[in-house]
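First subunit A sits with subunit B, and in the next complex the same chain sits with subunit C.
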Partner chain A sequence: MIEILNNFFNGLGAVLAIGPIAGIIAGVCVGIFFGAIPGISAIMAIAIILPLTFYVDPVIGITMLLAVYKAGIYGGSISAILINTPGAAASFLTAQDGHALTKAGKAGKALGMALYASVTGEALATLVLIFVAAPISIISLQAGPIEKVFLLIFAFTVVGSMTGESISRGILSCCIGMLFAMVGMSSITGATRFSFGVPELMSGFTFLPLLIGVLVMPEVIDAIKKRKTPHYDLILEKSPNPDDNRVTWKEYRSVFGTMLKSTGIGTFIGALPGLGSSAAAFLAYGEAKRTSRKPETFGKGSLHGIAAAESANNAVCGSSMIPMLTLSIPGDDVTALLMGAFLIHGITPGPTIFYEHTDVIYAIFAGFLITDIFLLIIARAGFSFWTKVASIQRYYIFPCVTVFAIAGAFTTNQDLYDVLILICFTVFGYGMRLIGLNPAAFIIGFILTPLLEQNLDQAVAIVGKDYGMILASPFAWIFTALSAFSVFSAMRMKKKEKKKVAAPSAPERSAS
Partner chain B sequence: MNRRKIDVVFSSILIIASLVILSSDKLVEGGVETDLGSMLLPRIVAVFIIIFSAMIGVPSLLNLIRKTPLRGLEQIDTEGFLGIGIYIAILAAYWLALPHLGFLVATPFAMFGVAILLEGRNWPVMAAVSLVIPLVVDYGSSIFLHVFLPPWTLS
Partner chain C sequence: MSKIAKSLLAITTAVAVTLTGGAAFAEYPEKPVNVIVPWGAGGDSDLTTRLWADAMEGALGTPVVVINKAGGGGVIGTTFVASSKNDGYTLVNAGLSNVLVTPNFSKTPYDFSSFVPVVKLSSVPLGILVPADSPYKTFDDFIAAAKAGRLTQGSWGAASSGTVLASIIADQAGYDVKFVHGNTTAESMVALIGGHIDSAVSFPPAFGPHVKSGRARLLVLNQKMAEYPNVPTFADYGIKGSFEGWSGVFAPKGTPPEVIQKLVNASGKVMDEPKVRKAFENMGANVDFRHGEAWTNDMLLNYDIMKNAAAKMKQ
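Here is the complex of A and B:
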């Protein structure tokens, strides 16, 4: 514990310099800006900023990306509250209560509560990350190649079964990602696979253009598809009663218990691969409503509702880093992207990160907490400004996003072939969405396959011809059981969802 | 658009591709001999792709044959698809033009095209944005990132 604190304060010293602070401020501004625009998510902002961080110190680059992530998640609540259009799926519930308050002339109060809940949730989850990640990494350090193979299979199964529209579509997305990762030269044997004599394919698909193509550009395409829908300006109307424009200390205290509970739920959900911030927000909101004295106010302008949804979905930001940093398993698309950023900066996420890059990792943790402070200051100081900025017409935003994406793809290797990869994967990524395949599962399959192949090769080298030895490890059985359990629970969840969807149609049928 | 038809076609393509991976030895070139070989993992993945593609394709095919009514997600809304086609065409033309016209010349046209596609009609501001952003990106990438975006090569 003392060692963790010691490392943390060293990291704090490293991050309290002009470079990292400037990066955090820029990241917070970019994150709020992109997050607040309906139709643009935090992931788009991170992917666009990512190439800019290639050439700076990892502490500056990664803290900047994390600032974009955190601020982007909060930014999603601005459009949710003001025009009932969530910038991110996780802000759906914030939209219900927040917009009800906006209609009652209390937009300032709703925005304030969303901000305080976001910052509280994020800060507490970051503390959990700081104090839990290193001890977990000590345990995971004991895992050898055999255990890692089963751990990775577990990760594929969980992510595939939890993220897709159906289990088969989720796992298929992951498998396709794995297949794309195997294009090019094998790092184990040096053989060239699936290159079909095309020299450019011999080095495989460049990560960044593929990532931007699959995750970011389909959002631009979606905006183009919906280009006929009218544009709404975000307007922050101030009430003559000052108490309607702010959250009082009494109100904050009254919802603090809800925030704590929701942060706990968000932290737990975030630490599990595949569930993400939307699931956390829905679970926390449901729990807050269930235990509330006035459940009827939820959805009609309840501060508890905003606090629950926002603190839970922001708590996911910190805790979703736990499996990535300790086990090399990104739980969702954003952490997959951040894992890519770590790899680009020469830092391989995994248990050894705490020993090989102690300074960097604790500086990043300290940066996480400092981001919360800047998010609080910057967002609170400029509610009116951010609402104006977020009202910029989409025909100014999306051409810029297109150019940033293309320039970002080009800067990776300074090769126009990467721009072609970007365009091809843009079409592919949009196609995936159309047929219900999951881009996050695809990216996770793409990122983790080289790790799987490497560990599988080492595992076989250890057991020799006695392949039965692979199953001798108790971890093999534990992770196999967990994989089976995750598929089983996903099946149950999907069944329940189907029943829920079918339920309202019964009375409708009887009425007709 | 009926997603079941796409499911059937997509699953069929994936199954055929996976069968090729399972049966062909020409997909790998060179490399050293190991216990596992270079194609073990691709072939394991191919088996899973066949299983899960069949799990998607077969029910869709059966539903198509039985003509059961489409459920929510099985109906793809094609409104706005023309715009998507134009956008992809702009990207492809931009990619072809970049090595010849260079970033600073090709980008304003691409940006302006995308802005018009997005129903933008504020011509002076759109033109200004389309001219200023490429300049800023080109300057920023050359000065700060030391990356030189493609230059004009026609003359």
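Here is the complex of A and C:
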């Protein structure tokens, strides 16, 4: 422990120099900027910056890439909160609650909560990375396809707590999402499913246009429909109460428990290679809602909702480095890219990295924490500008949203075909709204299904005819129990809500 | 012939040359060259292409822009280039998977003949690995066990280059394995060192660190590598064929030979630069600079092998 601290402070010394600090500041600015543009994801921003870092000192190059990554993830929540265009799966939960706050004139509060939760989640996960990386990575290796199947089944139960009045409609929406996820080439059989000979469909529907089409564009259509109604607000007035546009210390303290729990979930999921930030955000959000005293506020501007989604999402950033650095296993596309950056600099991630490259690796760790501080300062400085954006008249905002949506759909693969997907799913998403289906449950089904399918196939291939092996893992029992508990508590919550509606005069009871 | 006639001839020839091919391509490249990577940002092919493109800017005197056009298992971006203008300003990152394997396994709007090969940049030999605590110490042990019982092997997708190569190997050695498909080479290594599968096929960038740390044992490789002097090759076991992943650059069919030559020359220059070689080597990829007819013929031979394998696997 003393040795780790000693190395860490040496690293801190190495990072606190002009080169690395300049790299971090540049990285944070670039990351926030690219992240805030819908359609440019953190990974694209890193790929664009990557060649710049080939020939500089690894400490500067890698800390800069990480700054882009972290700031990019936070940047994605800015557009999600202000104009309801999430750039990634994980920030779509932030959009749910954050944009509801923006509509209530509290954009500053939502932005603040997202930033503080992001930084808290990231910093805590980084501390875990620095101090207990090695033991965690050994545990994470034990989780194979069989264990992941059960973990994913547990993640699916989040649908129960995501849906509104009707659980059956939520499940139906989720199933439709699962069906759409089937389109494209199956990695298991190599067969192309539901592509009808269209080569563009061979890898399935592109995620971003689908997400924006289902979640964002119906909002725009709704605004057009309502424009002539007298009560329709053209301007989202910024709330006059200054406390409504910042996060008070009391509020931060009240969500701190949620953040700790969500960071824990995010760190755990992040350390398991291959599940990614969206599964972590779903689980943390569902858990926060389940244990909340006011679950009905989730999706309607709950600070706990933002805190849970953002801290879990960002904790994944830190902890996905654990398997990458200690075992040279990249858990997702971003860590794969970062691992490439390490390799290009001649640093091979793996258990020996801490001995062979002690100076570099601890300097990079220190850089992680310094990045959090700069992210906090730089992003905080932008708030007054961002909240002004939120109070622009809506007839300027919505055309801009439409342009961003189309541009975002196009940039992912530079393909006009993706714009067509956007248009089709806009119609589809609006139709879902009209008949009361739940777009969030649809997205969950769409995101989790490929993961479940692949892990299930791997599990089946591994056990062969020995089906008992599937239930031999203790993980299987733990997650099955958790899933059952989650389903049970979602149903109990629904019952209580019904009672409340039935007897509105009855004294309100705590729902926990 | 009189002096005047001679000089007239010279002038007309010069003018003719300038007016035809010469005029259009004399200044190639006069604008930025785009290289389409048919994969998402961050993969091995993306990184090698970016390293090359970055260095080419100096040699060509114009920016070489890498554009990721992912989707359709590499088909979308590759198709895009196949149907692009053949003026040398749109190139594609070609590799085993998108130009040799996929056209044989799926209906693609292009095939090998839709392109002119420009250069091969790097290659990585395929290897077969087992976990460190596996009872199979040699490839012979492995073959015997796979013949006797049911062994699992990690790969990355049923129609992927890994599974095709592994199937060809298994077919020649006369054993059978049950494939466990991840999305990437890295994912199958996770399952391998976690002890969830019996074996895996993979490339040095993905398996190198695990072999060095002693978590995985490399049984056999496509070719001898300095890092693994004691590891036998497939040829040692009588298995014929080239089992390597590679990354290169193709141009659309009909791209003028002068343009191709210019790209080949510039690539030759940059692939000789020590810092570029070093960057490739750090990634675990061997610089394997090839161009011209011999290389194309090698690829055509492999294309036919893939075609036969595809026919066999589809049965």
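What we mean here is this: the second predicted complex is superposed on the first by the 278 of 512 C-alpha atoms of A that agree within 3 Å, B and C clash if a C-alpha of one lies under 4 Å from a C-alpha of the other, contacts with A are read in each partner's own complex, and residues count from 1 in each chain.
In the analysis below, a residue touches a chain if its C-beta (ideal position, glycine included) is under 8 Å from a C-beta of that chain, and two chains touch if they have at least 3 such contacts.
On a predicted model such as this, the values are computed, not experimentally measured, just so you know.
Does subunit B (first) or subunit C (second) touch A:G346, or do both, or does neither?
After superposition on chain A, A:G346 lies in contact with subunit C alone.
Check whether A:G305 is in contact with subunit B, with subunit C, with both or with neither, and answer first, second, both or neither.
In the superposition, A:G305 contacts neither subunit B nor subunit C.
Please work out whether A:G98 is in contact with subunit B alone, subunit C alone, both, or neither, and reply first, second, both or neither.
neither
Just checking: does A:G75 make contact with subunit B only, subunit C only, both, or neither of them? Give me first, second, both or neither.
So A:G75 meets neither subunit B nor subunit C here.
Name the contact category of A:R394: first (subunit B only), second (subunit C only), both, or neither.
first
Just to be sure I read the superposition right, which of the two partners does A:Q458 touch: subunit B = first, subunit C = second, or both, or neither?
So A:Q458 only meets subunit C here.
Thinking of the overlay built on chain A, is A:G270 touched by subunit B (first), by subunit C (second), by both, or by neither?
Neither partner.
With the touch criterion stated at the top, can you tell me which subunit A residues are shared between the subunit B interface and the subunit C interface?
In subunit A, residues 51, 54-55, 186, 188-192, 414, 457, 461 are touched by subunit B and also by subunit C.
Residues of subunit C touching subunit A in their complex?
40-44, 46-47, 50-51, 53-54, 67-73, 75-76, 79, 105-109, 150, 152, 156-160, 178-184, 186-187, 189-191, 193-197, 205, 208-210, 212-213, 215, 275, 278-279, 282-284
Could you list, by residue number, the parts of subunit B that touch subunit A in their complex?
It comes out as residues 3, 6-7, 10, 14, 27-39, 41-42, 45-46, 48-49, 52-53, 55-56, 73, 76, 79-81, 83-84, 87-88, 91-92, 94-95, 98-99, 103, 107, 110-112, 114-120, 122, 125-126, 129-130, 133-134, 137, 141, 144-150.
Under the stated contact criterion, what part of subunit A meets subunit B in this complex?
51-52, 54-55, 165-166, 168-169, 171-172, 175-176, 178-179, 182, 186, 188-195, 220-221, 223-228, 393-396, 398-400, 402-404, 406-407, 410-411, 414, 416, 419-420, 423, 426-427, 430, 434-436, 449, 452-453, 456-457, 460-461
Show me the residue ranges of subunit A that touch subunit C in the complex, using the header's touch definition.
43-44, 46-47, 50-51, 54-55, 141-146, 185-192, 197, 199-203, 206, 273-274, 323, 327-330, 333-334, 336-337, 340, 343-346, 348-352, 413-415, 454, 457-458, 461-462, 464
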